[in-house]
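Take this structure first; my questions come after.
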Amino acid sequence: MTPTNKSNEIVHDALLQATELATQWTFDVKQNAFGWLRLNNTESLRPAAKALAENGARLCTMTAYVEERGENSNKKAIAYHFALANTVVTVTVPLYTAGCDTPVAVPSITSWFRNADWNEREFHEMFGIDIVDHPNPKRLFLDERLDAGIMSSLIPFSAMVHGAATRNLWEQVMAAKGVDITGSDGSYGLENPHGAPTDISTPPIEEPTFTPVSATAPENGN
Amino acid sequence: MFRFLKLLGKNLAQGPSTDPFPAKEAHTPERFRGRVVVNPEQCVGCRICHHMCAGGAIRIEDNEEKTGYNFTVWHNTCALCGMCRHYCPTKAITLSTDWHNAHTQEDKYDWAAHYSIPYLACAGCGAHIRMLPPQLAARLYAHSPVDMTDLLKLCPSCRQLAAARREEISNDTHEQE
Amino acid sequence: MSEALGKEFTLPLGPMHVALEEPMYFKVTVEGERVRHVEITSGHVHRGMEALATKRNLFQNIVLTERVCSLCSNSHPLTYCMAIENLAGIEVPRRAQYLRVLADEIKRVASHLFNVAILAHIIGYKSLFMHVMEVREIMQDVKETVYGNRMDLAANTLGGVKNDVDAQLFGYITRSLQRLEGHMQEIIDIYASNPMLCSRTVGVGVLPKDEAIRYGLVGPVARGSGLAVDVRRDAPYGIYPELSFNVITETGGDVHSRAMVRLREVNESISLIRQIAANLPEGKLTAPLPVIPAGQGCARTEAPRGELFYFIRTDESDIPTRLKWRVPSYMNWDALEVMMKDCAVADVSLIVNSIDPCVSCTER
Amino acid sequence: MSDIFSLISQSATGLFHLVVFPGGLFALLFGLVLKGIDRKVEARLQRRVGPPLLQPFYDLVKLASKETIIPETANKTLFMYAPLLGFTGMAVCLALLPVPGVYYGMENMGDMLVFFYLLPLPAIALMVAGSSSSSPFGALGFSREMTLMFAYEVPLLLVILAVAMQVGGEGSAEFSLRKIIEYQREHGSFGFTLSMLPAFVAYLLYLPGTMGVPPFDVAEAETEILEGPLLEYSGGLLAFFQLTSAMKLVIALGFGVVMFFPGTVAGGPLVNIVWFAAKCLLLMLVALTLCKAATARMRIEQALSFYLKYPATLALVSVVLAWVSL
Amino acid sequence: MNLFSDIVVRSPWLYRINAGSCNGCDVELATTACIPRYDVERLGCRYCGSPRHADIVLITGPLTLRVRDKVLRVWQEIPEPKVTVAVGICPISGGVFRGGHSIEGPIDRYIPVDVNVPGCPPRPQSIMEGVLLAKKIWLDRLNGIAPGHKEERHVSLP
């Protein structure tokens, strides 16, 4: 009994009327419809969101991503996923204009979708994308000591400096067996075939406030 | 409220259902995913397990003299997920059902399984190879009944040469008939 | 008497709080015993997993997504594999689809029983907590015997299922379900009628249906307020079209009805598992894997806490350029504001537990 | 001269009662064994094996061996002496606790009102501890403990009144425990007289309240306000609180036994002590252990309204019955 | 002195710290400590609500950056002598999350760990073995013996 996907026709017409762009459709094995629409600029996001809200769509989530894997390319885009019965519509908004590379700010859609609040705060802190008139654009999950937009650059500064986590663990494992591998740059467990060391640990923040307490010396108070 | 009192009464009557673990050995189902164990003979050195391991617990590295490779599994970062066992072509790496793994901090870096697996010299050109495990060879040569023993000692290129020579001989015999 | 205190003070709850399984910091402004406002500071369990996912290959990500949260640890790899299968157009053999749904339903039973048990623990009902956890041990034994681990089943892989479940194991499963069903009837009666429990949970943390829609809530929290959203019926995946089950909803919208929704869903899952055991087809376990092309794909499944959404973008290499998942608990934290309006301080951790919070899911 | 001797002998026996029986030593051992049995039976009700019987002793010894940390933010003297307050109150109360057939309390001192005033001392000690530890949870624990104390003190007063009027007769009340025990020896213990049955039930409901046992453990609600007042305590001071609660257990049970079942058994004092201990144990199993295993924790306002509704009216009924029946 | 420390060791109070774990080990800890099937209370163990009452600390999770200072402060509050048990592979080696941008790596960079119980999550029985091993180390500390030499450091079932 494949569900009658009237819902994807409704969404198709609504988006076409709002943004004059046609949505491409793909279907999974069970005939659930997946719509893909790429807007030209950030202005047409609001009418699209309004159209979808009026047709009872529910905002599933938002995914901000860097288009290519280049060193620190600024070609960012945000994919807004909406769910309606058995249809998922993904509206992608590119954040770069042909000429300049600086990412464009994106308008907030919290007026139609209450749960957009946390999603927007998250890509604001993770990808450093600014949001226009968001209720409270504070940090959500990322700690203040980590630089915003940590996910947009492929290898944040911390990777090189802190890359030692896996390597020195393995050195100690091999040393326990008497094999010294400090020099060699061989495969260290979580090696990334693209050659970039995979360890993105935190940058060397100021010395931790608690010096490690040795087991025997009771340090506190009396 | 009385229903719960009835339940308490039943509990009291049935007596404790505590499983006497520290005193008696606890039951371990035979499909339990415990410590990783490697069978060096079966290992072909294809590194699929290293590629699959999300915890980065497997390290395969040629030893200095290049006469073989060290295969190390550090149990303290192994997530017991079983991906290596599932994708190993020769079932060399398996998960035992041993879960007694509490140890003190001094043994943290000893809690590993070290195997050193020797390379063999190819009968033809003397290159370093890993002998083809019998059941993998059986699968490869299933359709053409060929005498297995000497083929296994050859590196892939020498095996191709041998296969080409075999074809040539069989073509000559056809022409002679 | 307690109103006389009058003056307002803020009470720090967490992050290292015994009642909460995971660190989450609530700054509760309290007037006497009434809660006026709750401010949530999260991020304690943020392990940066989405950044990690772009550093691991497609197979390592199956294991990584399984460790987002252990209570819904089977839904994540299932949805991740489905997203890649939608992207690459892989058709999973029918037997593998049946076994995938089997693993999902087993996890749902264990996750719901755990949440309902913690509810009893928070209101101080130790014996009921121990009884429900003891009943849940039946399901934990099924997981350990059939899949080899009590929490992370490692059942799914790209294109299908890893290990087979033969008739002998199904015999064990059906015997365990027999015992479980006997206990479930007793537990549901206790949760429905016990005066102590009802006086603590009925009418507490009420979430009206229109608020559930406005916040875009899913799963038992939405179904507890009468909003019938269930991906297994709205966008059926796997073999759910061939299985018969009904979506459980309650109208109370409070802690009690959410717990009842979860308990009655356990019975649904038991009947689903029986249907799977009854008509499991023969066939292969995994589909042959093509090269995963560049592109983007997404998938939705019904995790124990609600709709789970996965989105993946790949280039030709076997390392995804972006992997994003939205967890059902993500929207519940905002909705806490509605549920905690003017509730008693004693009920704060009770209400927080009623949304089945999965902090490690939310913060990835 | 003779009055000096009598004074010395009186203070010697007083000291004996304070330190050995029924005071310190006996009550401590008996209280801790009672707690051990309580935890064991509760475990068996939950199908668990439960801790060894002497577990409370091990806990005490371990707590004594741990270092005691006094938080800087707390106000030192109050923090240090709060446990002592409860401990001394209980020690004095124990010295006055009559054990039927063996010891009938000090001549003219041991009457019920003294018990009524000394019993809430550990609760006050908890309040002092809560307020002195300056953590917001401590303050919340303080206000809850105060509300709960008002709640369960009312029925206690009414029960004492009922017993006193029953013994006194014609509208007068007799508070001395010694006379109460004699009255019951002639007229049969109150536990079985019809008019005093509501008072007995009220006392049964009072017990979990005063001992902070689950339906009413609102002050140390572990999952809500992190052990409330005892959050900051550790080591020796915490051991003091555990000792006090063990002694309070003995007093509360002993007081109940004396008021309702003071019957003695033929045979020497030793047999009577065992008989008294058995009655206390039975009372504990019914009122505390079963209650702890079978119920969930009430909110503070629910506990308040519960106490002012059921136990209070029950006790009032038996007060009226006692007054009318003469 | 020996008898006294034998008695002290019979009442180890457990305290659980979640340093950013995926709640797998925490659910197993709750199962190990609180339910009739494993019932650690017969070993004298009891969950305590405040770090001040704790003897054996069970730490789970790879110590994320934001929770690090709070974990270290709570760990400091626990009075000596205490034994630290790392439950699951995350505190021991960062587990599958090693290398994440907010992972502070193995917990023994900040806290001296005494017992490791690897596993993802470890079985309740192996957590109990860890607690038994911790009790043995606690006994050694009480009697003033330095951490035991290699042989008898593994769990010998009593």
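Which chain is which? They are A, B, C, D and E, in the order written, and residues in each are numbered from 1.
The working rule: contacts are C-beta pairs under 8 Å (C-beta built on N, C-alpha and C of every residue); 3 or more make two chains touch, one makes a residue touch a chain.
A quick note: this is a predicted structure, and the numbers were derived from the prediction, not measured.
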* **For subunit A and subunit D, chains touching each** => B, C, E
* So which one's got more C-beta contacts, D-E or B-E? -> B-E
* Structure fact -> Greatest centre-to-centre gap (Cα means) from subunit D is with chain B
* Let me have the rounded angstrom distance from the C-alpha centre of subunit A over to the C-alpha centre of subunit C, please. => 23
* Please compute the C-alpha centroid of subunit C, do the same for subunit E, then give the distance between them in whole Å. => 28
* Asked: In whole angstrom, what separates the CA-based centres of subunit B and subunit D?
  -> 65
* Any idea how many Å lie between the Cα centroids of subunit C and subunit D? -> 46
* Residues of subunit B engaged with two or more neighbouring chains -> 1, 4, 8, 11, 16-18, 53-56, 74, 77, 79-81
* Asked: Which parts of subunit A, given as residue numbers and ranges, touch two or more other chains?
  -> 142-143, 150, 166, 169, 190, 198, 200, 218, 220
* Structure fact -> Note: subunit C residues in touch with at least two other chains are 18, 43, 46, 48, 51-52, 55-57, 63-64, 67, 121, 127-128, 130-131, 134, 149, 152, 194, 196
* Complex contact set, residues of subunit A against subunit B -> 166, 169-170, 172-177, 179, 181, 184, 186-191
* Under the touch definition given earlier, write down the residues of subunit E that touch subunit C in their complex. => 17-28, 30-31, 34-37, 47, 49, 51, 61-62, 64, 66-67, 70-71, 74, 95-97, 99-103, 120-121, 123-124
* For subunit D, which residues are in contact with subunit E within the complex? -> 39, 43, 46-52, 55, 57-59, 61-62, 65-69, 222-223, 226-227, 230-235, 238
* **Parts of subunit E lying in touch with subunit B, wherever the complex brings them together** => 36-39, 42-43, 89, 92-96, 98, 108, 112-120, 122-123, 125-130, 132-133, 137, 147-148, 150, 153-155, 157-158
* Asked: Of all residues in subunit E, which touch subunit D in the complex?
  -> 4-5, 7-13, 36, 39, 41-42, 44, 48-50, 52-53, 55, 77, 79-80, 142
